[in-house]
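Here the structure comes first, spelled out in C-alpha coordinates, and everything after it is commentary.
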Amino acid sequence: MDPAYESKVRESFARQAVMGEIGAVLGRIEPGEVEIELPYRAELTQQHGFIHAGIVATVLDSACGYGAFTLMPASASVLSIEFKINLLAPATGDSLLAVGTVIRAGRTITACRGEAFARSEGRQRPVAAMQATMMTVLGRADVKG
Amino acid sequence: MDPAYESKVRESFARQAVMGEIGAVLGRIEPGEVEIELPYRAELTQQHGFIHAGIVATVLDSACGYGAFTLMPASASVLSIEFKINLLAPATGDSLLAVGTVIRAGRTITACRGEAFARSEGRQRPVAAMQATMMTVLGRADVKG
Amino acid sequence: MDPAYESKVRESFARQAVMGEIGAVLGRIEPGEVEIELPYRAELTQQHGFIHAGIVATVLDSACGYGAFTLMPASASVLSIEFKINLLAPATGDSLLAVGTVIRAGRTITACRGEAFARSEGRQRPVAAMQATMMTVLGRADVKG
Amino acid sequence: MDPAYESKVRESFARQAVMGEIGAVLGRIEPGEVEIELPYRAELTQQHGFIHAGIVATVLDSACGYGAFTLMPASASVLSIEFKINLLAPATGDSLLAVGTVIRAGRTITACRGEAFARSEGRQRPVAAMQATMMTVLGRADVKG
(Lines give C-alpha, C1' and ligand atoms only; values in the text may rest on other atoms or scores of the structure.)
Protein backbone atom coordinates (compact mmCIF):
# COMPACT_ATOMS: atom_id res chain seq x y z
CA MET A 1 0.00 0.00 0.00
CA ASP A 2 1.13 3.51 -0.79
CA PRO A 3 1.57 5.44 2.52
CA ALA A 4 0.58 8.60 0.62
CA TYR A 5 -2.78 7.00 -0.25
CA GLU A 6 -4.81 9.98 0.90
CA SER A 7 -2.90 12.67 -0.96
CA LYS A 8 -2.77 10.65 -4.16
CA VAL A 9 -6.56 10.20 -4.07
CA ARG A 10 -7.04 13.94 -3.47
CA GLU A 11 -4.67 14.79 -6.30
CA SER A 12 -6.37 12.42 -8.76
CA PHE A 13 -9.88 13.50 -7.73
CA ALA A 14 -8.89 17.12 -8.38
CA ARG A 15 -8.04 16.09 -11.97
CA GLN A 16 -11.43 14.39 -12.50
CA ALA A 17 -12.97 17.42 -14.20
CA VAL A 18 -16.45 15.92 -14.13
CA MET A 19 -16.47 15.92 -10.32
CA GLY A 20 -16.12 19.69 -10.29
CA GLU A 21 -18.62 20.00 -13.13
CA ILE A 22 -21.38 18.21 -11.20
CA GLY A 23 -20.37 19.66 -7.82
CA ALA A 24 -19.18 16.45 -6.13
CA VAL A 25 -16.98 16.77 -3.06
CA LEU A 26 -14.44 14.26 -1.79
CA GLY A 27 -15.11 13.13 1.79
CA ARG A 28 -13.56 10.55 4.09
CA ILE A 29 -10.57 8.60 2.69
CA GLU A 30 -9.44 5.44 4.44
CA PRO A 31 -7.53 2.40 3.22
CA GLY A 32 -10.09 0.53 1.14
CA GLU A 33 -12.94 3.03 1.57
CA VAL A 34 -13.71 6.44 0.08
CA GLU A 35 -16.74 8.72 0.34
CA ILE A 36 -17.98 11.33 -2.13
CA GLU A 37 -20.87 13.69 -1.52
CA LEU A 38 -23.00 15.28 -4.22
CA PRO A 39 -25.36 18.13 -3.27
CA TYR A 40 -28.72 17.85 -5.04
CA ARG A 41 -28.96 20.09 -8.08
CA ALA A 42 -31.92 20.25 -10.46
CA GLU A 43 -29.45 20.31 -13.37
CA LEU A 44 -28.54 16.68 -12.64
CA THR A 45 -32.01 15.19 -12.78
CA GLN A 46 -33.94 12.92 -15.11
CA GLN A 47 -37.52 13.53 -16.20
CA HIS A 48 -39.09 12.88 -12.77
CA GLY A 49 -36.82 15.24 -10.86
CA PHE A 50 -34.63 12.51 -9.33
CA ILE A 51 -30.85 12.57 -9.72
CA HIS A 52 -30.22 10.64 -12.96
CA ALA A 53 -29.16 7.00 -12.44
CA GLY A 54 -26.03 7.68 -14.47
CA ILE A 55 -25.00 10.55 -12.20
CA VAL A 56 -25.54 8.33 -9.15
CA ALA A 57 -23.34 5.80 -10.96
CA THR A 58 -20.74 8.50 -11.67
CA VAL A 59 -20.11 9.30 -8.00
CA LEU A 60 -20.35 5.63 -6.95
CA ASP A 61 -17.87 4.59 -9.64
CA SER A 62 -15.41 7.25 -8.49
CA ALA A 63 -15.91 6.28 -4.82
CA CYS A 64 -15.26 2.62 -5.70
CA GLY A 65 -12.31 3.43 -7.94
CA TYR A 66 -10.64 5.60 -5.31
CA GLY A 67 -11.38 3.04 -2.60
CA ALA A 68 -9.45 0.56 -4.74
CA PHE A 69 -6.76 3.14 -5.52
CA THR A 70 -5.91 3.62 -1.80
CA LEU A 71 -4.64 0.01 -1.72
CA MET A 72 -2.62 0.15 -4.93
CA PRO A 73 1.16 0.70 -5.14
CA ALA A 74 2.44 4.25 -5.61
CA SER A 75 3.27 3.78 -9.28
CA ALA A 76 -0.14 2.37 -10.24
CA SER A 77 -3.12 3.95 -11.96
CA VAL A 78 -6.71 2.81 -11.55
CA LEU A 79 -9.22 2.04 -14.32
CA SER A 80 -12.84 0.88 -14.14
CA ILE A 81 -13.32 -2.42 -15.94
CA GLU A 82 -17.06 -2.64 -15.31
CA PHE A 83 -19.77 -1.92 -12.77
CA LYS A 84 -23.37 -2.84 -12.07
CA ILE A 85 -25.84 -0.66 -10.20
CA ASN A 86 -29.29 -1.28 -8.76
CA LEU A 87 -31.49 1.77 -8.28
CA LEU A 88 -33.33 1.12 -5.02
CA ALA A 89 -35.31 4.33 -4.53
CA PRO A 90 -35.60 7.81 -6.05
CA ALA A 91 -32.43 9.85 -5.52
CA THR A 92 -33.92 12.97 -4.01
CA GLY A 93 -33.12 14.92 -0.83
CA ASP A 94 -30.47 17.50 0.03
CA SER A 95 -27.49 15.49 -1.11
CA LEU A 96 -26.28 12.09 -2.19
CA LEU A 97 -23.57 10.25 -0.24
CA ALA A 98 -21.61 7.62 -2.15
CA VAL A 99 -19.47 5.13 -0.24
CA GLY A 100 -17.06 2.86 -2.12
CA THR A 101 -15.58 -0.11 -0.25
CA VAL A 102 -13.07 -2.72 -1.40
CA ILE A 103 -14.33 -6.27 -0.95
CA ARG A 104 -11.25 -7.93 -2.41
CA ALA A 105 -7.99 -6.42 -3.57
CA GLY A 106 -5.91 -8.61 -5.86
CA ARG A 107 -2.70 -7.88 -7.72
CA THR A 108 -4.49 -6.88 -10.93
CA ILE A 109 -8.21 -6.95 -10.10
CA THR A 110 -10.03 -5.27 -7.21
CA ALA A 111 -13.70 -5.89 -6.49
CA CYS A 112 -15.67 -3.13 -4.75
CA ARG A 113 -19.09 -2.51 -3.32
CA GLY A 114 -20.71 0.91 -3.57
CA GLU A 115 -23.65 2.24 -1.59
CA ALA A 116 -25.43 5.52 -2.21
CA PHE A 117 -27.64 7.26 0.31
CA ALA A 118 -30.00 10.21 -0.07
CA ARG A 119 -29.47 12.63 2.80
CA SER A 120 -32.25 14.89 3.92
CA GLU A 121 -32.70 16.83 7.15
CA GLY A 122 -30.08 14.83 9.01
CA ARG A 123 -31.39 11.42 7.94
CA GLN A 124 -30.20 9.13 5.19
CA ARG A 125 -31.79 6.27 3.26
CA PRO A 126 -30.24 3.89 0.69
CA VAL A 127 -30.93 4.75 -2.96
CA ALA A 128 -28.48 2.62 -4.93
CA ALA A 129 -26.14 -0.36 -4.65
CA MET A 130 -23.15 -0.98 -6.91
CA GLN A 131 -20.78 -3.87 -7.49
CA ALA A 132 -17.69 -2.85 -9.44
CA THR A 133 -14.45 -4.24 -10.81
CA MET A 134 -11.33 -2.07 -10.89
CA MET A 135 -7.96 -2.69 -12.50
CA THR A 136 -4.48 -1.86 -11.28
CA VAL A 137 -2.62 -0.44 -14.26
CA LEU A 138 1.17 -0.29 -14.32
CA GLY A 139 3.47 1.14 -16.97
CA ARG A 140 0.87 2.59 -19.33
CA ALA A 141 1.84 6.00 -20.60
CA ASP A 142 -1.68 7.28 -21.32
CA VAL A 143 -3.06 6.77 -17.81
CA LYS A 144 -1.71 8.29 -14.61
CA GLY A 145 -3.30 8.28 -11.15
CA MET B 1 -47.29 0.43 -28.53
CA ASP B 2 -47.99 4.13 -28.33
CA PRO B 3 -48.23 5.54 -31.92
CA ALA B 4 -46.86 8.81 -30.54
CA TYR B 5 -43.71 7.01 -29.39
CA GLU B 6 -41.36 9.49 -30.98
CA SER B 7 -42.92 12.66 -29.61
CA LYS B 8 -43.25 11.22 -26.12
CA VAL B 9 -39.55 10.33 -26.11
CA ARG B 10 -38.62 13.84 -27.32
CA GLU B 11 -40.85 15.43 -24.68
CA SER B 12 -39.42 13.29 -21.86
CA PHE B 13 -35.83 13.77 -23.01
CA ALA B 14 -36.37 17.54 -22.96
CA ARG B 15 -37.30 17.23 -19.28
CA GLN B 16 -34.12 15.24 -18.44
CA ALA B 17 -32.24 18.30 -17.24
CA VAL B 18 -28.95 16.43 -17.02
CA MET B 19 -28.98 15.80 -20.79
CA GLY B 20 -28.88 19.52 -21.42
CA GLU B 21 -26.32 20.01 -18.66
CA ILE B 22 -23.81 17.60 -20.25
CA GLY B 23 -24.68 18.59 -23.82
CA ALA B 24 -26.26 15.31 -24.96
CA VAL B 25 -28.43 15.37 -28.08
CA LEU B 26 -31.26 12.99 -28.94
CA GLY B 27 -30.77 11.23 -32.27
CA ARG B 28 -32.63 8.50 -34.13
CA ILE B 29 -35.81 7.18 -32.47
CA GLU B 30 -37.32 3.94 -33.70
CA PRO B 31 -39.57 1.39 -32.01
CA GLY B 32 -37.21 -0.41 -29.63
CA GLU B 33 -34.11 1.63 -30.43
CA VAL B 34 -32.92 5.12 -29.52
CA GLU B 35 -29.65 6.95 -30.09
CA ILE B 36 -28.09 9.77 -28.08
CA GLU B 37 -24.94 11.64 -29.04
CA LEU B 38 -22.61 13.39 -26.63
CA PRO B 39 -19.95 15.75 -28.00
CA TYR B 40 -16.62 15.38 -26.19
CA ARG B 41 -16.10 18.05 -23.55
CA ALA B 42 -13.10 18.24 -21.20
CA GLU B 43 -15.53 19.07 -18.37
CA LEU B 44 -16.87 15.50 -18.50
CA THR B 45 -13.58 13.65 -18.08
CA GLN B 46 -11.90 11.59 -15.41
CA GLN B 47 -8.25 11.94 -14.39
CA HIS B 48 -6.82 10.56 -17.66
CA GLY B 49 -8.83 12.83 -19.94
CA PHE B 50 -11.34 10.16 -21.03
CA ILE B 51 -15.09 10.72 -20.69
CA HIS B 52 -15.91 9.44 -17.17
CA ALA B 53 -17.40 5.91 -17.11
CA GLY B 54 -20.41 7.28 -15.23
CA ILE B 55 -21.12 9.83 -17.96
CA VAL B 56 -20.86 7.11 -20.59
CA ALA B 57 -23.33 5.17 -18.42
CA THR B 58 -25.59 8.23 -18.19
CA VAL B 59 -26.15 8.48 -21.93
CA LEU B 60 -26.35 4.70 -22.38
CA ASP B 61 -28.91 4.41 -19.57
CA SER B 62 -31.07 7.11 -21.18
CA ALA B 63 -30.72 5.52 -24.62
CA CYS B 64 -31.79 2.15 -23.18
CA GLY B 65 -34.60 3.65 -21.12
CA TYR B 66 -36.01 5.54 -24.09
CA GLY B 67 -35.61 2.50 -26.34
CA ALA B 68 -37.80 0.65 -23.83
CA PHE B 69 -40.16 3.63 -23.52
CA THR B 70 -40.98 3.58 -27.27
CA LEU B 71 -42.65 0.17 -26.77
CA MET B 72 -44.63 1.09 -23.65
CA PRO B 73 -48.30 2.09 -23.57
CA ALA B 74 -49.15 5.79 -23.69
CA SER B 75 -50.01 6.04 -20.01
CA ALA B 76 -46.77 4.42 -18.80
CA SER B 77 -43.62 5.90 -17.33
CA VAL B 78 -40.18 4.29 -17.52
CA LEU B 79 -37.77 3.71 -14.63
CA SER B 80 -34.31 2.11 -14.57
CA ILE B 81 -34.18 -0.89 -12.26
CA GLU B 82 -30.51 -1.63 -12.82
CA PHE B 83 -27.75 -1.66 -15.40
CA LYS B 84 -24.29 -3.11 -15.91
CA ILE B 85 -21.60 -1.57 -18.09
CA ASN B 86 -18.26 -2.81 -19.38
CA LEU B 87 -15.73 -0.15 -20.34
CA LEU B 88 -14.00 -1.54 -23.41
CA ALA B 89 -11.67 1.29 -24.42
CA PRO B 90 -10.96 4.91 -23.48
CA ALA B 91 -13.88 7.19 -24.36
CA THR B 92 -12.05 9.82 -26.35
CA GLY B 93 -12.65 11.30 -29.82
CA ASP B 94 -14.98 14.00 -31.11
CA SER B 95 -18.17 12.57 -29.68
CA LEU B 96 -19.76 9.55 -28.06
CA LEU B 97 -22.67 7.77 -29.73
CA ALA B 98 -24.92 5.72 -27.42
CA VAL B 99 -27.35 3.22 -28.93
CA GLY B 100 -30.00 1.59 -26.72
CA THR B 101 -31.82 -1.46 -28.08
CA VAL B 102 -34.61 -3.54 -26.56
CA ILE B 103 -33.77 -7.22 -26.42
CA ARG B 104 -37.01 -8.26 -24.72
CA ALA B 105 -40.07 -6.20 -23.86
CA GLY B 106 -42.36 -7.71 -21.25
CA ARG B 107 -45.44 -6.33 -19.59
CA THR B 108 -43.52 -5.03 -16.55
CA ILE B 109 -39.84 -5.68 -17.33
CA THR B 110 -37.88 -4.73 -20.44
CA ALA B 111 -34.31 -5.88 -21.02
CA CYS B 112 -32.05 -3.70 -23.16
CA ARG B 113 -28.60 -3.72 -24.64
CA GLY B 114 -26.58 -0.54 -24.94
CA GLU B 115 -23.54 0.13 -27.09
CA ALA B 116 -21.36 3.22 -26.97
CA PHE B 117 -18.99 4.25 -29.73
CA ALA B 118 -16.30 6.92 -29.83
CA ARG B 119 -16.57 8.90 -33.05
CA SER B 120 -13.56 10.60 -34.52
CA GLU B 121 -12.91 11.91 -38.02
CA GLY B 122 -15.76 9.96 -39.54
CA ARG B 123 -14.87 6.65 -37.92
CA GLN B 124 -16.28 4.98 -34.84
CA ARG B 125 -15.01 2.31 -32.45
CA PRO B 126 -16.80 0.59 -29.52
CA VAL B 127 -15.97 1.95 -26.07
CA ALA B 128 -18.64 0.49 -23.79
CA ALA B 129 -21.32 -2.21 -23.61
CA MET B 130 -24.35 -2.09 -21.30
CA GLN B 131 -27.03 -4.56 -20.29
CA ALA B 132 -29.95 -2.88 -18.55
CA THR B 133 -33.34 -3.64 -17.02
CA MET B 134 -36.18 -1.13 -17.33
CA MET B 135 -39.57 -1.08 -15.66
CA THR B 136 -42.95 -0.05 -17.04
CA VAL B 137 -44.60 2.04 -14.34
CA LEU B 138 -48.35 2.64 -14.35
CA GLY B 139 -50.43 4.75 -12.00
CA ARG B 140 -47.68 6.25 -9.89
CA ALA B 141 -48.22 9.92 -9.20
CA ASP B 142 -44.56 10.86 -8.68
CA VAL B 143 -43.30 9.65 -12.04
CA LYS B 144 -44.47 10.77 -15.45
CA GLY B 145 -42.93 10.00 -18.84
CA MET C 1 -45.16 -10.87 4.97
CA ASP C 2 -46.36 -14.43 4.94
CA PRO C 3 -46.18 -15.83 8.51
CA ALA C 4 -45.50 -19.25 6.97
CA TYR C 5 -42.38 -17.86 5.27
CA GLU C 6 -40.13 -20.65 6.48
CA SER C 7 -42.31 -23.58 5.43
CA LYS C 8 -43.05 -22.06 2.03
CA VAL C 9 -39.30 -21.66 1.38
CA ARG C 10 -38.65 -25.27 2.44
CA GLU C 11 -41.48 -26.53 0.24
CA SER C 12 -40.29 -24.55 -2.81
CA PHE C 13 -36.64 -25.52 -2.27
CA ALA C 14 -37.67 -29.18 -2.18
CA ARG C 15 -39.16 -28.70 -5.66
CA GLN C 16 -35.94 -27.14 -7.04
CA ALA C 17 -34.71 -30.40 -8.51
CA VAL C 18 -31.29 -28.97 -9.30
CA MET C 19 -30.57 -28.39 -5.61
CA GLY C 20 -30.87 -32.11 -4.93
CA GLU C 21 -28.91 -32.89 -8.09
CA ILE C 22 -25.88 -30.85 -6.99
CA GLY C 23 -26.26 -31.77 -3.31
CA ALA C 24 -27.16 -28.31 -1.94
CA VAL C 25 -28.76 -28.13 1.50
CA LEU C 26 -31.07 -25.42 2.79
CA GLY C 27 -29.78 -23.77 5.98
CA ARG C 28 -30.93 -20.84 8.10
CA ILE C 29 -34.16 -19.09 6.98
CA GLU C 30 -35.00 -15.69 8.41
CA PRO C 31 -37.14 -12.86 7.10
CA GLY C 32 -35.01 -11.35 4.33
CA GLU C 33 -32.12 -13.80 4.62
CA VAL C 34 -31.57 -17.40 3.55
CA GLU C 35 -28.51 -19.65 3.60
CA ILE C 36 -27.70 -22.63 1.38
CA GLU C 37 -24.69 -24.91 1.82
CA LEU C 38 -23.07 -26.91 -0.95
CA PRO C 39 -20.54 -29.61 -0.02
CA TYR C 40 -17.56 -29.66 -2.38
CA ARG C 41 -17.85 -32.35 -5.04
CA ALA C 42 -15.35 -32.92 -7.84
CA GLU C 43 -18.30 -33.39 -10.23
CA LEU C 44 -19.12 -29.67 -9.91
CA THR C 45 -15.74 -28.25 -10.89
CA GLN C 46 -14.29 -26.40 -13.85
CA GLN C 47 -10.97 -27.22 -15.46
CA HIS C 48 -8.82 -26.07 -12.51
CA GLY C 49 -10.68 -28.10 -9.88
CA PHE C 50 -12.59 -25.12 -8.43
CA ILE C 51 -16.38 -25.18 -8.11
CA HIS C 52 -17.61 -23.76 -11.46
CA ALA C 53 -18.61 -20.08 -11.30
CA GLY C 54 -22.07 -21.01 -12.62
CA ILE C 55 -22.62 -23.49 -9.78
CA VAL C 56 -21.57 -20.84 -7.27
CA ALA C 57 -24.10 -18.59 -9.00
CA THR C 58 -26.74 -21.31 -8.82
CA VAL C 59 -26.69 -21.54 -5.02
CA LEU C 60 -26.31 -17.76 -4.60
CA ASP C 61 -29.25 -17.11 -6.92
CA SER C 62 -31.44 -19.52 -4.96
CA ALA C 63 -30.30 -18.02 -1.63
CA CYS C 64 -31.14 -14.53 -2.92
CA GLY C 65 -34.44 -15.63 -4.44
CA TYR C 66 -35.58 -17.35 -1.27
CA GLY C 67 -34.39 -14.42 0.84
CA ALA C 68 -36.71 -12.27 -1.26
CA PHE C 69 -39.47 -14.91 -1.14
CA THR C 70 -39.62 -14.78 2.68
CA LEU C 71 -40.89 -11.19 2.44
CA MET C 72 -43.48 -11.79 -0.29
CA PRO C 73 -47.22 -12.31 0.27
CA ALA C 74 -48.50 -15.87 0.59
CA SER C 75 -49.99 -15.95 -2.91
CA ALA C 76 -46.84 -14.77 -4.67
CA SER C 77 -44.20 -16.63 -6.63
CA VAL C 78 -40.60 -15.49 -7.06
CA LEU C 79 -38.65 -15.18 -10.31
CA SER C 80 -35.06 -14.05 -10.97
CA ILE C 81 -34.94 -11.08 -13.31
CA GLU C 82 -31.16 -10.83 -13.39
CA PHE C 83 -28.02 -11.18 -11.31
CA LYS C 84 -24.37 -10.23 -11.42
CA ILE C 85 -21.58 -12.11 -9.71
CA ASN C 86 -17.93 -11.34 -9.02
CA LEU C 87 -15.65 -14.31 -8.47
CA LEU C 88 -13.26 -13.21 -5.75
CA ALA C 89 -11.18 -16.32 -5.12
CA PRO C 90 -11.11 -19.99 -6.13
CA ALA C 91 -14.11 -21.88 -4.74
CA THR C 92 -12.33 -24.75 -3.06
CA GLY C 93 -12.52 -26.17 0.48
CA ASP C 94 -14.92 -28.57 2.19
CA SER C 95 -18.10 -26.71 1.29
CA LEU C 96 -19.54 -23.51 -0.06
CA LEU C 97 -21.87 -21.35 2.06
CA ALA C 98 -24.19 -19.01 0.14
CA VAL C 99 -25.98 -16.23 2.01
CA GLY C 100 -28.73 -14.24 0.27
CA THR C 101 -29.88 -11.00 1.89
CA VAL C 102 -32.59 -8.56 0.83
CA ILE C 103 -31.31 -5.01 0.50
CA ARG C 104 -34.62 -3.54 -0.63
CA ALA C 105 -38.04 -5.17 -0.93
CA GLY C 106 -40.52 -3.33 -3.13
CA ARG C 107 -43.99 -4.30 -4.23
CA THR C 108 -42.79 -5.79 -7.53
CA ILE C 109 -38.99 -5.64 -7.40
CA THR C 110 -36.67 -6.88 -4.66
CA ALA C 111 -32.93 -6.21 -4.71
CA CYS C 112 -30.64 -8.69 -2.96
CA ARG C 113 -27.01 -9.16 -2.08
CA GLY C 114 -25.40 -12.57 -2.09
CA GLU C 115 -22.16 -13.64 -0.49
CA ALA C 116 -20.47 -17.01 -0.93
CA PHE C 117 -17.81 -18.36 1.39
CA ALA C 118 -15.51 -21.37 1.05
CA ARG C 119 -15.48 -23.33 4.31
CA SER C 120 -12.50 -25.42 5.26
CA GLU C 121 -11.45 -26.85 8.61
CA GLY C 122 -13.72 -24.55 10.56
CA ARG C 123 -12.69 -21.38 8.78
CA GLN C 124 -14.39 -19.51 5.97
CA ARG C 125 -13.21 -17.00 3.36
CA PRO C 126 -15.23 -15.02 0.77
CA VAL C 127 -15.19 -16.44 -2.76
CA ALA C 128 -17.99 -14.60 -4.56
CA ALA C 129 -20.29 -11.58 -4.32
CA MET C 130 -23.64 -11.27 -6.07
CA GLN C 131 -26.11 -8.46 -6.65
CA ALA C 132 -29.50 -9.72 -7.84
CA THR C 133 -32.95 -8.52 -8.80
CA MET C 134 -36.00 -10.63 -7.98
CA MET C 135 -39.61 -10.21 -9.04
CA THR C 136 -42.81 -10.81 -7.10
CA VAL C 137 -45.15 -12.64 -9.46
CA LEU C 138 -48.88 -12.75 -8.81
CA GLY C 139 -51.60 -14.53 -10.75
CA ARG C 140 -49.45 -16.36 -13.29
CA ALA C 141 -50.58 -19.91 -13.83
CA ASP C 142 -47.23 -21.32 -14.96
CA VAL C 143 -45.26 -20.31 -11.88
CA LYS C 144 -45.98 -21.33 -8.30
CA GLY C 145 -43.81 -20.80 -5.21
CA MET D 1 -3.78 -16.29 -31.18
CA ASP D 2 -2.98 -19.93 -30.57
CA PRO D 3 -3.37 -21.85 -33.88
CA ALA D 4 -4.42 -24.88 -31.80
CA TYR D 5 -7.34 -22.89 -30.39
CA GLU D 6 -9.90 -25.55 -31.14
CA SER D 7 -8.08 -28.49 -29.61
CA LYS D 8 -7.15 -26.52 -26.48
CA VAL D 9 -10.81 -25.60 -25.95
CA ARG D 10 -11.88 -29.24 -26.41
CA GLU D 11 -9.19 -30.44 -24.01
CA SER D 12 -10.12 -27.86 -21.33
CA PHE D 13 -13.86 -28.47 -21.74
CA ALA D 14 -13.26 -32.19 -21.21
CA ARG D 15 -11.68 -31.33 -17.85
CA GLN D 16 -14.70 -29.19 -16.76
CA ALA D 17 -16.29 -32.02 -14.80
CA VAL D 18 -19.51 -30.07 -14.28
CA MET D 19 -20.18 -30.04 -18.04
CA GLY D 20 -20.34 -33.82 -18.09
CA GLU D 21 -22.34 -33.84 -14.87
CA ILE D 22 -25.12 -31.67 -16.32
CA GLY D 23 -24.88 -33.21 -19.80
CA ALA D 24 -23.60 -30.16 -21.70
CA VAL D 25 -22.02 -30.73 -25.11
CA LEU D 26 -19.43 -28.56 -26.81
CA GLY D 27 -20.55 -27.31 -30.23
CA ARG D 28 -19.07 -24.93 -32.79
CA ILE D 29 -15.66 -23.41 -31.94
CA GLU D 30 -14.45 -20.40 -33.88
CA PRO D 31 -11.98 -17.66 -33.06
CA GLY D 32 -13.88 -15.49 -30.57
CA GLU D 33 -17.05 -17.58 -30.49
CA VAL D 34 -18.00 -20.87 -28.86
CA GLU D 35 -21.31 -22.74 -28.57
CA ILE D 36 -22.44 -25.19 -25.90
CA GLU D 37 -25.69 -27.14 -25.99
CA LEU D 38 -27.50 -28.47 -22.96
CA PRO D 39 -30.34 -30.97 -23.45
CA TYR D 40 -33.28 -30.28 -21.14
CA ARG D 41 -33.29 -32.51 -18.08
CA ALA D 42 -35.81 -32.32 -15.24
CA GLU D 43 -32.92 -32.72 -12.77
CA LEU D 44 -31.66 -29.23 -13.69
CA THR D 45 -34.86 -27.30 -12.98
CA GLN D 46 -36.03 -24.84 -10.40
CA GLN D 47 -39.44 -24.98 -8.69
CA HIS D 48 -41.47 -24.08 -11.82
CA GLY D 49 -39.86 -26.72 -14.07
CA PHE D 50 -37.66 -24.26 -15.98
CA ILE D 51 -33.88 -24.82 -16.23
CA HIS D 52 -32.47 -23.02 -13.16
CA ALA D 53 -31.04 -19.56 -13.90
CA GLY D 54 -27.72 -20.66 -12.40
CA ILE D 55 -27.48 -23.61 -14.79
CA VAL D 56 -28.24 -21.31 -17.72
CA ALA D 57 -25.45 -19.11 -16.36
CA THR D 58 -23.14 -22.13 -16.06
CA VAL D 59 -23.26 -22.96 -19.77
CA LEU D 60 -23.19 -19.28 -20.81
CA ASP D 61 -20.17 -18.60 -18.59
CA SER D 62 -18.30 -21.55 -20.13
CA ALA D 63 -19.29 -20.48 -23.65
CA CYS D 64 -18.02 -16.95 -22.95
CA GLY D 65 -14.87 -18.18 -21.23
CA TYR D 66 -13.98 -20.51 -24.08
CA GLY D 67 -14.83 -17.84 -26.64
CA ALA D 68 -12.25 -15.66 -24.89
CA PHE D 69 -9.82 -18.59 -24.56
CA THR D 70 -9.70 -19.11 -28.35
CA LEU D 71 -8.01 -15.71 -28.68
CA MET D 72 -5.48 -16.15 -25.87
CA PRO D 73 -1.84 -17.18 -26.30
CA ALA D 74 -1.00 -20.89 -26.02
CA SER D 75 0.52 -20.56 -22.54
CA ALA D 76 -2.45 -18.74 -21.03
CA SER D 77 -5.28 -19.93 -18.82
CA VAL D 78 -8.71 -18.33 -18.61
CA LEU D 79 -10.59 -17.27 -15.47
CA SER D 80 -14.00 -15.65 -15.05
CA ILE D 81 -13.75 -12.33 -13.23
CA GLU D 82 -17.49 -11.63 -13.23
CA PHE D 83 -20.65 -11.95 -15.26
CA LYS D 84 -24.17 -10.56 -15.35
CA ILE D 85 -27.18 -12.37 -16.74
CA ASN D 86 -30.72 -11.30 -17.59
CA LEU D 87 -33.35 -14.02 -17.67
CA LEU D 88 -35.61 -13.10 -20.55
CA ALA D 89 -38.05 -16.02 -20.68
CA PRO D 90 -38.53 -19.44 -19.10
CA ALA D 91 -35.79 -21.87 -20.12
CA THR D 92 -37.90 -24.75 -21.32
CA GLY D 93 -37.92 -26.74 -24.59
CA ASP D 94 -35.82 -29.65 -25.84
CA SER D 95 -32.45 -28.06 -25.24
CA LEU D 96 -30.63 -24.86 -24.43
CA LEU D 97 -28.09 -23.38 -26.83
CA ALA D 98 -25.48 -21.04 -25.31
CA VAL D 99 -23.40 -18.83 -27.59
CA GLY D 100 -20.44 -16.92 -26.16
CA THR D 101 -18.92 -14.14 -28.29
CA VAL D 102 -15.93 -11.90 -27.61
CA ILE D 103 -16.79 -8.21 -27.88
CA ARG D 104 -13.31 -6.99 -26.98
CA ALA D 105 -10.11 -8.92 -26.37
CA GLY D 106 -7.41 -7.06 -24.48
CA ARG D 107 -4.05 -8.22 -23.20
CA THR D 108 -5.39 -9.01 -19.71
CA ILE D 109 -9.16 -8.44 -19.90
CA THR D 110 -11.64 -9.83 -22.42
CA ALA D 111 -15.27 -8.72 -22.51
CA CYS D 112 -17.84 -11.18 -23.87
CA ARG D 113 -21.52 -11.36 -24.69
CA GLY D 114 -23.50 -14.51 -24.14
CA GLU D 115 -26.87 -15.44 -25.58
CA ALA D 116 -28.94 -18.46 -24.62
CA PHE D 117 -31.77 -19.86 -26.71
CA ALA D 118 -34.38 -22.48 -25.91
CA ARG D 119 -34.68 -24.94 -28.79
CA SER D 120 -37.88 -26.79 -29.41
CA GLU D 121 -39.12 -28.62 -32.49
CA GLY D 122 -36.61 -26.96 -34.77
CA ARG D 123 -37.27 -23.42 -33.55
CA GLN D 124 -35.32 -21.33 -31.06
CA ARG D 125 -36.19 -18.30 -28.93
CA PRO D 126 -33.92 -16.18 -26.69
CA VAL D 127 -34.09 -16.98 -22.96
CA ALA D 128 -31.08 -15.22 -21.45
CA ALA D 129 -28.46 -12.56 -22.16
CA MET D 130 -25.07 -12.37 -20.45
CA GLN D 131 -22.28 -9.83 -20.31
CA ALA D 132 -19.07 -11.26 -18.90
CA THR D 133 -15.47 -10.32 -18.12
CA MET D 134 -12.70 -12.89 -18.54
CA MET D 135 -9.06 -12.73 -17.53
CA THR D 136 -5.97 -13.99 -19.31
CA VAL D 137 -3.83 -15.68 -16.67
CA LEU D 138 -0.14 -16.33 -17.26
CA GLY D 139 2.36 -18.08 -15.04
CA ARG D 140 0.05 -19.21 -12.25
CA ALA D 141 0.77 -22.73 -11.12
CA ASP D 142 -2.72 -23.54 -9.81
CA VAL D 143 -4.60 -22.81 -13.04
CA LYS D 144 -4.01 -24.47 -16.40
CA GLY D 145 -6.15 -24.20 -19.54
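In order of appearance the chains are A, B, C and D, and numbering begins at 1 in each one.
Heads up, the rule we're going with is that a residue touches a chain if its C-beta (ideal position, glycine included) is under 8 Å from a C-beta of that chain, and two chains touch if they have at least 3 such contacts.
Just so we're clear, the structure is a prediction, and the values are computed from it rather than from any experiment.
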- Message: Using the touch definition from the top, how many steps at minimum link chain B to chain D?
- Response: 1
- Item | Remotest chain, chain D as reference, centres from CA atoms | A
- Task: Please report how many Å separate the Cα centroid of chain A from that of chain D, as a whole number.
- Result: 32
- Note: chain B sits from chain A at a C-alpha centroid distance in Å of 21
- Query: From the C-alpha centre of chain A to that of chain C, how far is it in Å?
  - Reply: 29
- Please set out, as single numbers or ranges, the residues of chain A touching at least two other chains. 81-82, 84, 86, 111, 131, 133
- The chain D residues in contact with chain A across the complex are 81-82, 84, 108-109, 111, 131, 133, 135
- Inside the complex, what are the residues of chain A that reach chain C? 84, 86, 88-89, 103-104, 111, 113, 126, 129-131, 133
- Task: Spell out the residues on chain B that touch chain A in their complex, using ranges where they run on.
- Result: 12-13, 15-18, 20-21, 42-48, 52-55, 57-62, 77, 79-87, 90, 142-145
